[in-house]
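Some structures are shown below for you to check.
In the two assemblies presented below, chain A is common to both, partnered first by chain B and then by chain C.
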Partner chain A sequence: MKALQRFSYPIFFVMLAVIPHLLNPRWQAVSITFLIFAVVALSQDIILGKSGMFNMGQALFFGMGAYTTAILNNHFGWPIIATIPMAILIPALFGILLAGPIVHLRGDYLLVVTIGFNIVFVQVLQNNLGGLTGGPNGIFGLGSLSIFGLNLTSQIAVYYFAFIVFLLTLWIMHNLEKSKAGRAMHYLREDQLAAESIGINTRSYKIFAFGLGAGIAGLAGTVFAVQYSAVSPEAFEFIQSVLFFSIVLVGGSSVPGILLGVFVMFVLPEIFREFATWRYFIFGFAMILSMILRPRGIWPATFGKIPKFLIKESKNGA
Partner chain B sequence: MDTFLQQLANGLTIGSIFALVALGYTMVYGVMRLINFAHGDMVAASAFVGLTVYTQVMGQTTSLFSVIVIFLLTASVMACVGVLLERLAYRPLRDAPRLSAVVSALGASLVIQNGIMLIWGPRMKIFPELVPQVYWDLGGVVISLIQVIILALSLVLMVGLYLFIEKTRMGAAVRASSIDQDAARLMGINVNSVIALIFIIGSSLGAIGGLFIGMYYRGITFNMGWQYGLYAFIAAIIGGIGNIPGAMMGGMLLGLFNAFIAGYISSTWADAFTFILLILILIVRPTGILGERVAEKV
Partner chain C sequence: MAHNELILTNVTKRFGGLTAVDALTITVEPGQIYGVIGPNGAGKTTVFNCITGIYKSEEGSVNWRGEEIRGLTPYQIVDRGIVRTFQTIRLFSQMSVAENIMSGRHIKSTQKWWHAIVPTPGSRRDEKENWLKVGELLEFFNLEEFAATPTMSLPYGHQRRVEMARAMAVDPTLLILDEPAAGLNDKETSELLELIFKIREQGVTVLLIEHDMDLVMKVTDYLTVLNFGKKIAEGTPDEIQKNPLVIEAYLGSEDDDDE
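Let's turn to the complex of A and B:
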């Protein structure tokens, strides 16, 4: 397993790095979509999988990032690259502000409140609040990505932009797992009471997880806005949050599991286009079946440096 | 004043539909600690089943007899679907981590919603006019026969359910199972049949709610279940989850709130205001207005 991990990741990254040159434009677009949604699913994993908070509103932060880029570019004429810090900061700030009053809520209540945030957000976009969001049609005609006067309009350039964001996210997740914050979040998920009793400030780590997950999702939103050169409310509907939520749990909250989930949800439908109307019907069955057969996910995550005999004890925990 | 009374009448009508649907959520949550996300889609499905019963079985007649048959047949079909759903999607996960059951419920919701789409098509269908369009003008406030029927029948059903839960042996078994399943089992209660019973009751009440939605709004779509399901679930939370009178009160409150928002502010903001209300209630009083009646397992 260790050897497999050592070689499989570099091979996977090299594959992702060369793949756009081998594909036609349609499949390049599909791969970009894969990378964007993979980043959002990983950011959802920080909140849901790693910290165990039932968040079903991740599309909100994703959409907020996309809309931040679109509004700043379209209404205020900022270059895309300059909107990136704002597209990370604004969702992160909102994540912190929204999480503040609700993180103490028990699982299912948190779930419903985050659904609520997502629905309020979409309704605000649709009602064109402040004349900025463009109503139900959204905003279209964004500028293209350019760095140091270099105009990166080709799809391959957008692909590498998405790829860099994806690598950055994986790097953050990898470091998080080995950091103090990551360990705190893990204990928090396993047993909040125990975590509190050994002096972990659960409240601030929960809010931290929301802020971090929201910021990463916002960055993915920028890539989304660049790729489609448009944003509209239906891309951030609550059904999208349901998909990210399911991907993390069906995948088992591990990187390979989540990537597999994103692949199945967003790439397979492109391959089997003639079954488009059956898509969610089949996914629904797949979700039920995978949970019955593997309740902890298809590829359950193992946590870094905890000795094996300790992990065994908590196997039955929720 | 006229707007107020008119929205009061409209609010009580939708409120009783929300309350009927909310009962299904709250009973299932009370016993299984599971948000049955598929419940909203079952409500939507029952409107379509009712439509099919009307055209295929009753030959498009609208006598009192055929209305009764449509209600009974639809409710029994949905009760069977509910029991089947529990048996196939939820029972295998009863001892699994809680989130697994949530994902399974979401999957079941997708299956039912898209099953409706595959069977009846993605376009809006028009529900038959089962009740003659009679209106009474009470000094500027218009009340229709259908509103009176919805309100009266919902009240009868809710009172009936309340008496059943509070006064009968089976009702006591339901209450016992929602307090502590293991202890209930030790007292000789068959928890599996209690769960089957709440799925039968919840699904049939939801089915009647779905038929009411069809009769009141006329247009039915395959994906309307999410909307009503979420509202009803909010109603259950506002009333305190697991709390049966609470769900009834929460449904009525939410219906009134919605009607007044639509009447005085704007219907395009109704969802947003509803959720803001929910969020405020949960921040101030995390267990709903009447308090929840589920025992917390630590």
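Let's turn to the complex of A and C:
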């Protein structure tokens, strides 16, 4: 069992690395979608799972990244690769600006405000702000990804782009767990007053969580824009935010739980194509059941990530 | 004048029409174990909340080492070396004992926000140093075997110790304990007594609220007695025990004295 645990991640990564060569184009596209949505769900986990803030507007930051890439590429002729820093920074900045005045709100109030932001965002896109967002149809015909003069047009190349972004996200999540800021998020979620009373500036760490989550979602947006070489408002509707929210909640704020949630939500419907319209129905029931049977998620986050030298005679294990 | 003490002058805190703390003046000298006692509802916890920044008093001044700290936020006050525990234990209940204590190292850690995204050798070293410090505290508070145990599955007495360990992790100058003996049995209380003395030996000033009179009389150097938000007496434990006003406050309100 221990060995299985140790090797499960390397095996998983190797599988992800070779899988596009074994699949036909349709399944390659599904795998790319899985990776992109996994990244967005993980970014949502930083805000909702780790910091405990009920953010129901993650599709906003996802969309903002996608639109940043699309607008810069389509209207201003930037190469895709050059838009990436902007696609991270602009959503991160917006995340910080939007979060600033609202993070003191608790639970359900924050939820309603973030829904509002998401709806306003989609309305702005649909109304073709400044002639840039292309209205309800969105923006078509993005250039393809090219690095060092190599034009990476194939779907496999897009897959590896998504894969790199996915690995980068996991790496950041891993670093977060082992840092002062990452722990501060856990503390403020568990008990805000206690966290303040031990010297943690909870407000700044809440805003940090929003900024980081928004930046990662924005990066996922770039991959999304590259995959379809188009963006349109309906991909970033409020209902998408609901999906990311429920994936984190049902999955249980752990990496395996979230990946499982994304798989169930976005890959299973493709496998059972004829039941695709049933996915909300099935996922709805899965949510109800998992919340009743496993209120902390299918695969709950484990705490106790402490250095080995501190564990003397642990009875419960880490 | 750089004093090294906590001086409250005319601190008044009102909730609507109720004056919870009425023009309270106390001075806590460095190295003291200072007790605040009084019947239930006397405003003891409110005083502590005013010192630690959870409430802001309407009037008066809270002076710490020559600096006015009234109106600062709780985390700014912790940064100045004042840290507290709670009457109703407030731990991060799903997290392990070691992680709970690590939270106290937060303000001592030199990591910046970007180290959460990209760690550097410096931030890793800082991380290691702080965990070593947590290891020392686990030993000091005799909690080593529970390092990885979530605090919610610990017995009450152990949770109290974890909360004190977490507060001590800040390396405070002034430690504020809000009813540290509440809910402890006799054995645990006497252990607590020793702990408080050991903490004082490290040069930490201790300010505590307590109901357990035995403990208060044994442990404190100086006492203030509150009743209805007002100070009715102050002095050494011996003086307080003989003070007729104090006896009246306790005997006269025996009905609401027990919890």
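Quick notes
Everything below uses one rule, namely that the second predicted complex is superposed on the first by the 301 of 318 C-alpha atoms of A that agree within 3 Å, B and C clash if a C-alpha of one lies under 4 Å from a C-alpha of the other, contacts with A are read in each partner's own complex, and residues count from 1 in each chain.
Throughout what follows, a residue touches a chain if its C-beta (ideal position, glycine included) is under 8 Å from a C-beta of that chain, and two chains touch if they have at least 3 such contacts.
Small disclaimer: the values here were computed from a predicted structure and weren't measured.
In the superposition on chain A, contact is made by A:Ala184 with chain C only, not with chain B.
Of the two partner chains placed around the shared chain by superposition, chain C is the only one that A:Ile200 touches, whereas chain B remains out of contact. Contact with chain C, but none with chain B, is seen for A:Ile172 once the two complexes are overlaid on the shared chain. In the superposition on chain A, A:Val113 makes contact with chain B only, while chain C stays out of contact range. In the superposition on chain A, no contact is made by A:Glu274 with either chain B or chain C.
In the superposition on chain A, the residues of chain A contacting both chain B and chain C are 193, 317-318.
Interface residues of chain B, counted against chain A in their complex, comprise 29, 33, 35, 88-89, 92-93, 96-104, 106-115, 117-118, 122, 226, 230, 233-234, 237, 241, 268-269, 271-272, 275-276, 278-279, 282-283, 286, 296, 298. In the complex of the two chains, the chain C residues touching chain A come out as 52, 54, 73-75, 78-79, 83-84, 86, 90-96, 98-99, 102-104, 106-107, 109, 111, 113, 115-119, 123, 127-128, 131, 134-135, 138, 144-145, 147-150, 153, 166-167, 170. Residues 172, 175-176, 178-184, 186-187, 190-191, 193-202, 208, 212, 303-307, 309-318 of chain A are the ones that touch chain C when the two sit in their complex. Contact residues on chain A toward chain B in their complex (touch as defined above): 54, 101-102, 104-109, 111-113, 115-117, 119-120, 123-124, 126-127, 193, 238-239, 242, 245-246, 249-250, 277-281, 283-288, 291-292, 295-296, 317-318.
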